Every structure is written in structure tokens, then in C-alpha cells.
Amino acid sequence: MKKIINNPENVVNEMLEGIVKAHPKYVRRIEGTDVLVRKTSPIKGKVALVSGGGSGHEPSHAGFVGKGMLNAAVSGEVFTSPTPDQVFEAIKAVDGGKGVLLIIKNYTGDIMNFEMAEEMAELEDIKVKHVVVNDDVAVEDSTYTSGRRGIAGTILVHKIAGAAAEEGMSLEDVQRIAQKVIKNVRSMGMSLSSCIVPAAGKSSFELEEDEMEVGLGIHGEPGTHREKIKKADEITKELLDKILEDIEIKKEDEVAILVNGLGATPLMELYIMNRHLHKLLNDKNIKIYNTIVGNFMTSLEMAGASITILKLDDELKQLLDSIADTPAFKNI
Amino acid sequence: MKKIINNPENVVNEMLEGIVKAHPKYVRRIEGTDVLVRKTSPIKGKVALVSGGGSGHEPSHAGFVGKGMLNAAVSGEVFTSPTPDQVFEAIKAVDGGKGVLLIIKNYTGDIMNFEMAEEMAELEDIKVKHVVVNDDVAVEDSTYTSGRRGIAGTILVHKIAGAAAEEGMSLEDVQRIAQKVIKNVRSMGMSLSSCIVPAAGKSSFELEEDEMEVGLGIHGEPGTHREKIKKADEITKELLDKILEDIEIKKEDEVAILVNGLGATPLMELYIMNRHLHKLLNDKNIKIYNTIVGNFMTSLEMAGASITILKLDDELKQLLDSIADTPAFKNI
Amino acid sequence: MISNTLLIKILNNIAITIKENKEYLTHLDSVIGDSDHGFNMNKGFNEVRQKLEPLQNKDCGTILKNVAMTLISKVGGASGPLYGTAFLKASVVIKDKYEISEKDSIKMFDESIKGIISRGKAKQGDKTMLDALIPAYQIYKDSINKGNSIEIAISQAQKAAYEGVEYTKTIKATKGRASYLGDRSIGHQDPGATSSYLILKSISDTLNNINK
Amino acid sequence: MISNTLLIKILNNIAITIKENKEYLTHLDSVIGDSDHGFNMNKGFNEVRQKLEPLQNKDCGTILKNVAMTLISKVGGASGPLYGTAFLKASVVIKDKYEISEKDSIKMFDESIKGIISRGKAKQGDKTMLDALIPAYQIYKDSINKGNSIEIAISQAQKAAYEGVEYTKTIKATKGRASYLGDRSIGHQDPGATSSYLILKSISDTLNNINK
């Protein structure tokens, strides 16, 4: 295992300390917890957004704490949902009287832990609602599975719901907006290499020199299938096709796209994918309103990428455009 | 070679197309060249900044084209300095009458090609000056070497000289400021793995599972020496110590620090280094005015990191604080 | 009959068992999950172990409630809330009691499983811990009802749990993280079913050694 | 005497030689540099080759000037400006001439090297292309001055260049990218010296085959 770490058991704590030292104008840590909140919390009269999940997805989620996005991020161990008490601490720290929206990614563990926190908060009369992001089309959404996973599309939920909260909308409205994003966002990923969970010390899976794993999540879990590695343009098409099988996007529809790196993929490769993604969408007469390229929802040192497509309407467009100022996502 | 690319010979061109599609509000490409300039160029009455170098260091340099930083970025082949005609095109496209400053990293090839472009521009009566960034303390700066290399510290030259240009300073003043940054900035890097130049198709060097390469540059060249891999805190100390051997930083001095990832290093690890870097500097009573953590000057899919320290004075502090709005670096 | 002192001993031994199997559980989770089951379970039970000392003379309900809260706040992931809920439900059955009777133990087992089901919405055959726990519970109940001692019943139960673990190898996961693998999950044993088996096995070992 | 037609042929063959040695040069550069020497040289000379056709009937000065400009605008890195400058300086010597005399050729070689030195500020012993070119030039000059033909002189020169390449293995790089390696550069041959040798070898092969 080649990592710049000290002790696998301390990575989350030391990382959080490093984040706070890097971004003191944005975040502070609730003492005794793994919760980072905006420097000035709670903010009165504004719905607060709390997200989180296992660590190892940096800059998710702490990197998105700031104006126009999250109020708090809760970090679990690497790839492990945080515990309910931690989420509860986050809720208490950011509630400004107008209620708190939990943004949960669709994993059994995340849902159970966040819901338990919600139950705890309700006992203390804090208004809490939640949404579950499930953008990953690799997994079929049926009663015979745990449903689609939440992956990179989550960033767009943070951005847009965050903008809605910033505008002073009610908890119900912010939840409705978040749900609208979730209903219209889809992602699909692939990877060229596995990642190494620090505490496990070895690769989560092995790939041959000429293989790629398609339809994988962001926790080092294997994907839906394995293929011979293809050219960037073919990979891009394969991911997009799978997305468009799942959601109807018509000619003249407007979309936001996100080409997300999983951690070890050079930006060069993400831009090469982006180039072809634009071509493919242009060919279909789908209008690209907004493009985001970078490492936003990573999986430690995994090499690979995901594509996210969000179908927009006027309300979503306006919220996407509004100002965001967080360590990892800024919109001026 | 595992990469999301089409053809190794087209990576730079396709990447540049992808960048323009991703950031149309920031950059456009000068047709027939590998030069990206600000969307609105030239800007009258303002000194223009041109930087560039081989590709493979993304987001350097195109990612820093925008308000408060560069006016143009010239991209060579992977790890190959761009040719003089390309640099000349950039100069012509951005000169707004107040002159152009070339920001060159100290490599034989970069210097020769940029200087030839400067000679071409002078023939056409465009006022051009240049500075040479040489922040890498791994290499001794003596008459028996090519001198220290330019690495991640370059970003701080872009930021600060860019701010000076934005304020309307003269070419001489912008050059003076850039030189002040160069005089006060030092970096040192290490890596856990090599990178693969697409056209070469295989790793530039091999490292054992328990080895790290110390003092290496950003072109996949081997470093000054090899060591057994150490803990993050020890690595951080080793890099910092080497920097502080080279530049005197006294108690109460104020510095900006940059913990830069080389491409495949998870942000988690950069933050863990940042945590200890803060501790080490605090212990020495050196004041950290500003912290930047992320992938800014990369080396394709190399795993590793560098530390940069910039000694500040009031003028540099004010320029560092001013607004920047580029695809890869935003300061609100 | 299980006294509060014996309960403490059982819990201590479970923690040791989990620790010994940390790498094993993580390895199983790396194949069809995300490589954290061993690490997280150990983190939780290690904390449980450290909390046992001051609970020495407390009633069994209080002891188990503390275990539950510790697991909930230390394990995380899917297994944290599930095991936490299981222990919490069991603790309610023996609130204020200093001894656990045979009858109590059936109820505790039953309530634990119900808790896991209501929290996780899974059922037998989904390739989860339930595939070890449900058959184990059925044998346990039958055995006690036939008049067997807790020692004998739990020994039979852990064998059934083991078979349940083996059974998980033959089926496709339809709940939890392994479900993303679809058919590719077949052939691999479920980490949570395995930790459930290890817990029952540890209880059985403790009880049967003591009585020997 | 080298005619403009023969010059075109020489340049064409250099381009072929560089193409054949693309991987080799890149490999050498991967050991002590940044893995691009073969790729870049080939990119430049490939472009040169495509430009030769319309230059067929031009004077030698024009031909070489075109080669120089192509290398400068296509190769990049350290070798682009250096080889570009070398060809540019050589072209000046034979401006407007349709034939290159023995005496011209000495002057061209000399000016090329001076151009490389003034552009790159390196000297013999720095482990660069100069370590192949300078000894080659000295032998070449002596040989022509002794009354030998260009064919014989260039054949001796390429051998000296080869020895220069071998010599680069024994010394530490103090210029260019390999200098960052310090003592670790010792034992490895310089890619630029190697490409210089290959160019001279290719010229020699072309001339000596033709005259056979």
C-alpha cells in the first residue's frame, strides 16, 4: 500500500484537521466530532443543508461546505457511513430555526444512519427532512436491488438545493428542488484501476493491464462488468448511452454535464472525454447549458471517471447559475 | 498503458478542445495553434501574462487563464516545451499595447523556445519581458547544473503577477513583482509512482512497493534519490527541511503555503500533509497567511506531492488576496 | 440462565473473536463490498470491550443497551445500525433483570431479528446477516422449547448459522452493497452473515467452555 | 560536392532514420530525461520529409532554411531550438548555392555547432549532443583538410560521434534535463548525443551507398 498517511486508523481525523487548517475562512469543526460546519453556524432564518457519508470521496463532502452549498458535512470512516450521533451533532449545529435538509446517497448504511439521526432530531423538535440521491444508472432500480446508488450527481444536488436554501426558500421548497434535481440527474462510471482502503491495506479488486471495469460505484466495489479497455471516445459513448437508456432527454432539451474524475485520472483525460461528450450531445441536438470537469466525487486513488447528465428547466438553471463559494466549488 | 485517450499523438489537441468546451466563458483557442487566451483578448491598457510549457501538468497552464491570472497559455506536446511560433502567436493575441510578460519555468527547452518567441515579438515592436521561475530546491542552483527547476511555485507567480497586471501596473512593475515572488518561493516534491508519457507508452521509471522517489520534477524524470517510504509526517518534514535549508524564513515571518498533488494523490493525503506542515511551521513560529491545497501543477498520473513556501511582504499579501477567476483557481 | 457477570464475559469474548477475524471479515467485504466490515466491527466491539468494566454490576438490560449505543455510535455503515438495533431490542426484553432465562433468550433473539428486519427492510434470501440469524434462531427456539439448555441450543444455533453462511455463497445479493454486483455476487460469502455466525459461535464457545 | 538533389535525399534518409529510432531515443530519454526525445524528433523530421517535395529544385540554402524553420516550429523541447538553430546557421553558409563544396561543408558544420553553443550555453563534457558533434566535427575538418572526400570524412566523423555517445555514458550531465539527476546520470547515454550520431550516420550511409 503506497499512501502518504501516518496510521490507517487516523486518516479521517488527520484529514479533517488538515481541511480546517487549509480553509479556516470556510469551515470549522464541531469539537469531539467528525462534523465540519460553515465558519458561522447556525445561520438564522435559512434552511440548512447537511450531507456526508464515508470518507475517501474528497473533496466530497467537506469541500462543499460554504455559501450556496452545504452547511455541514459529516465524515464517516473511509467508505463507511457516519454514525447517527455524528449526523445529529451536525443537525444541531446548523439548524437556524428554518429546518434542516439531509442529503443522503442511496446506500443501505447511509440511509439507516441518517434516518436514525433524523429520528433523534425530531425528538428534540428540530424540523428535519431528507432526500436520497440515486443517480447511478449502472444499478437497476427495482424491488430486487437496493436501488440505484448515489454518486457524482450528488454535487449538483448540493449546488442547486444549496442555492435554493440561500435564497431563503422554505424547507419544503428546498426539499422539492432537491428532489427535482434527483429526478433529473443520472450518472455512469468506469475505472481503470481499483483503490486501496487504508485499513484494508490492499487493492479492493484487481484489473488486468488491458481491462476496465464498467458501472462501478465509488467505494472500490467491483462494477457490473469487465471489458477490454477502449478508446476515450468509445468509453464516453458507452457511459452516455447507458444514461440515455435510463432517462429521456429530447432534442432541444437543456442539460448540465459533469465529467468527474475518480481520483487518479489526469485532468487531461477528463477533458478528452468532455470533448467527445459535447460532440455526442451536439449530434443529438441536446443543448449543453453548463459543463463541469474535475475531481468532485472521488474514490481514493482510483483511476477512472463518471459522466453525469442533469436535465434542466428554468428554475434549475437559475439556481445552478447563482453564486457558490466553497473550498472545492466556486461559482462567481 | 492504461489511459482514457484515443490516440497518443492527439492527446494535446483533443484536450485543448475539451478545455474550450468546458470553459467557454473563460477561454478561446487561437485557431490553428495550441494557444488558449482569455475569451476577450487583447485587453487594452493592461500588461498581458503569457505562460505555458509542456502538457501533462493540468490544470497548468490553461486552467489559470482568466481574470487576475494569465492572459494566455501555450501548450506543448506532453512534457515538451512549446515551439517559438506558438508562443509568438500567444504574444500577438494578448498584447494590449502595454506589453507582455512571459512566465517561463526554468528548463533548457522552455527558456530557448520562449526566448526565441521574445526575439520574434521584438522584431514586430511588441514590448516583451520575461521571468524564469526556479523554485525547486531539489536541484542545486550552481554553474554546474541547469539550475533549479520551475515547479508548483509557478502558480503563485501567476496569481500574484496576474493581480499586479490587473491593477494596471506597468510591464516593468509586473516583472518586478513576478521576480519578487520568484526570489521568495521554494518548492520540494516526492512521488510514490511514476507517470506514463502517452507517446512513450510505459512508465518513465519504476519504484518498488516500499520505495519513494524524493526531489523529483514534474516530467516523470527520476528524483535526486530514492528512499524507503515514510509516514506522511516524516515526508512533510523532509520536504520542508530541504526548503528551509535553501531560504531563510525567520520567526514571525509570514508565508503562503501550497500543498500540491502530482495527479494521482487523493486529496485526503494532501490534507494529511497540510495538517503536519501547519504544525511544523507553527512550532517554528512562522505565520501562515494563506494555505492552498490541491492539484495545480501535476505530472500526468503520478502519485506524489510537493510543498511550496512563499515568503510574503505586504505588497505580495495584498496581491495574493485580490480576486482571481479562472477555471482552476478562484479567489472570491 | 445467564447472569450479568456471564453476559459481560460473553460480550468480552465476542469482541475478542471479532478482533481475531478483523482481516478475514474485511477480506470478505472487499470481494463483494467495500472492504470495511472487519475494521468497523472491530472498532465498535473494541469500544464495547472498554466500556464493560464499569458495567460489571449493572443489570443485563443496562449492559446490552450500552452495547447497543456503542455499536450505533462507533460502527457506522450498514452493520452499525443493524447490530445496534439488534442489541437495543434485546436489551428491552430484559430491562432491569440480572439474569437471562431460557425464555427471555428466545424473545431476545426474536426481537433482535425483528429489529434488523424493520431497520434494514431485508428478508431471508437477500444474502445478508439474516441468512445466518434466521435459521439459527429457528433451531434455537425449537431446541429450547424441546427443553434443552441455552448451552446446547446455542451450539446448535451456531451450526445453523454456519450453514446459513454457506448458503449465502449460493445466492445473489439483493440487499446491501453486494446487490450492485448482481449475479457476480454469487459464489461469495456474505461478510455480515459471517460476522453474525462468529458472534453466535463465540457465545456458544463461551457458554460451553464454562459448563465443561 | 553535394548537389541540392542529393541534399534532399540525405534529409529524407535522416527522417527515415529518426523514425526507425523513435522508440529507442524515447527510451534513452526516459532513463535520464522526460521520455519525449524520440517522439518530438520524429514529429519534426516527419514534417520535414513532407516539405521536401516542393523544395526539390530550390537552392541548398533555401532547403536547409526550410528544414530549420520546420524543426523550430515542430520539435519543441530542448532539441527543437538546438537542431533548428544548427540547420539555420548551416543554411546561411550556403545561401543561394546549388552545390555544397568540401570547404562549405566544414563551415556549415562549424557554424551549426557554434549555433548550438550560443543557443544552449553548453560545452563539451556537459553530456549533450555537443559530445557527439564536437569530436565528429574535429575529425571531419582534419579529414577534409587532409584532402579526403566528404564521403570519407563523414564516415570518420560518424565513428567519432559514436565514440562521443559512448563517452556520454561515463560522465555526469551538467546541462539539460539530465543534469537534475546529478551523479545518477552517470552510466546512461545521452539521447541528444545519440540522435546527433544517428543523423551523421545517416548522412554517411546515404553518401557512401550512392558512391558505391
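Structural remarks
So that you can tell them apart, the chains are marked A, B, C and D in the order they are listed, and the count of residues begins at 1 in each.
The definition used in the following text is that a residue touches a chain if its C-beta (ideal position, glycine included) is under 8 Å from a C-beta of that chain, and two chains touch if they have at least 3 such contacts.
Values in this document were obtained by computation on a predicted structure and should not be read as measured data.
Mean C-alpha position of subunit A lies 54 Å from that of subunit D.
Note: centroid distance subunit B to subunit D, computed from Cα atoms, is 32 Å.
Here the CA centre of subunit A is 29 Å from the CA centre of subunit B. Shown here, the protein chains touch in a chain-like sequence that does not close on itself.
Applying the touch definition to all chain combinations yields A-B, A-C, B-D.
Within the complex formed with subunit B, the residues of subunit D that make contact are 26-27, 30, 32-36, 39-40, 43, 72-82, 119-120, 174-177, 179-182, 184.
Put simply, subunit B touches subunit A in their complex at residues 2-7, 11, 14-19, 21-23, 55-56, 58-59, 63, 192-193, 209, 212, 229, 231-233, 235, 259, 263-275, 278, 288, 291-293, 295, 298, 300-301, 303-305, 325, 330, 332.
Subunit B contributes residues 54, 76-86, 107-109, 112-113, 116, 138-139, 144-146, 149, 197, 199-200, 202, 204-205, 217, 219-222, 224-225 to its touches with subunit D in the complex.
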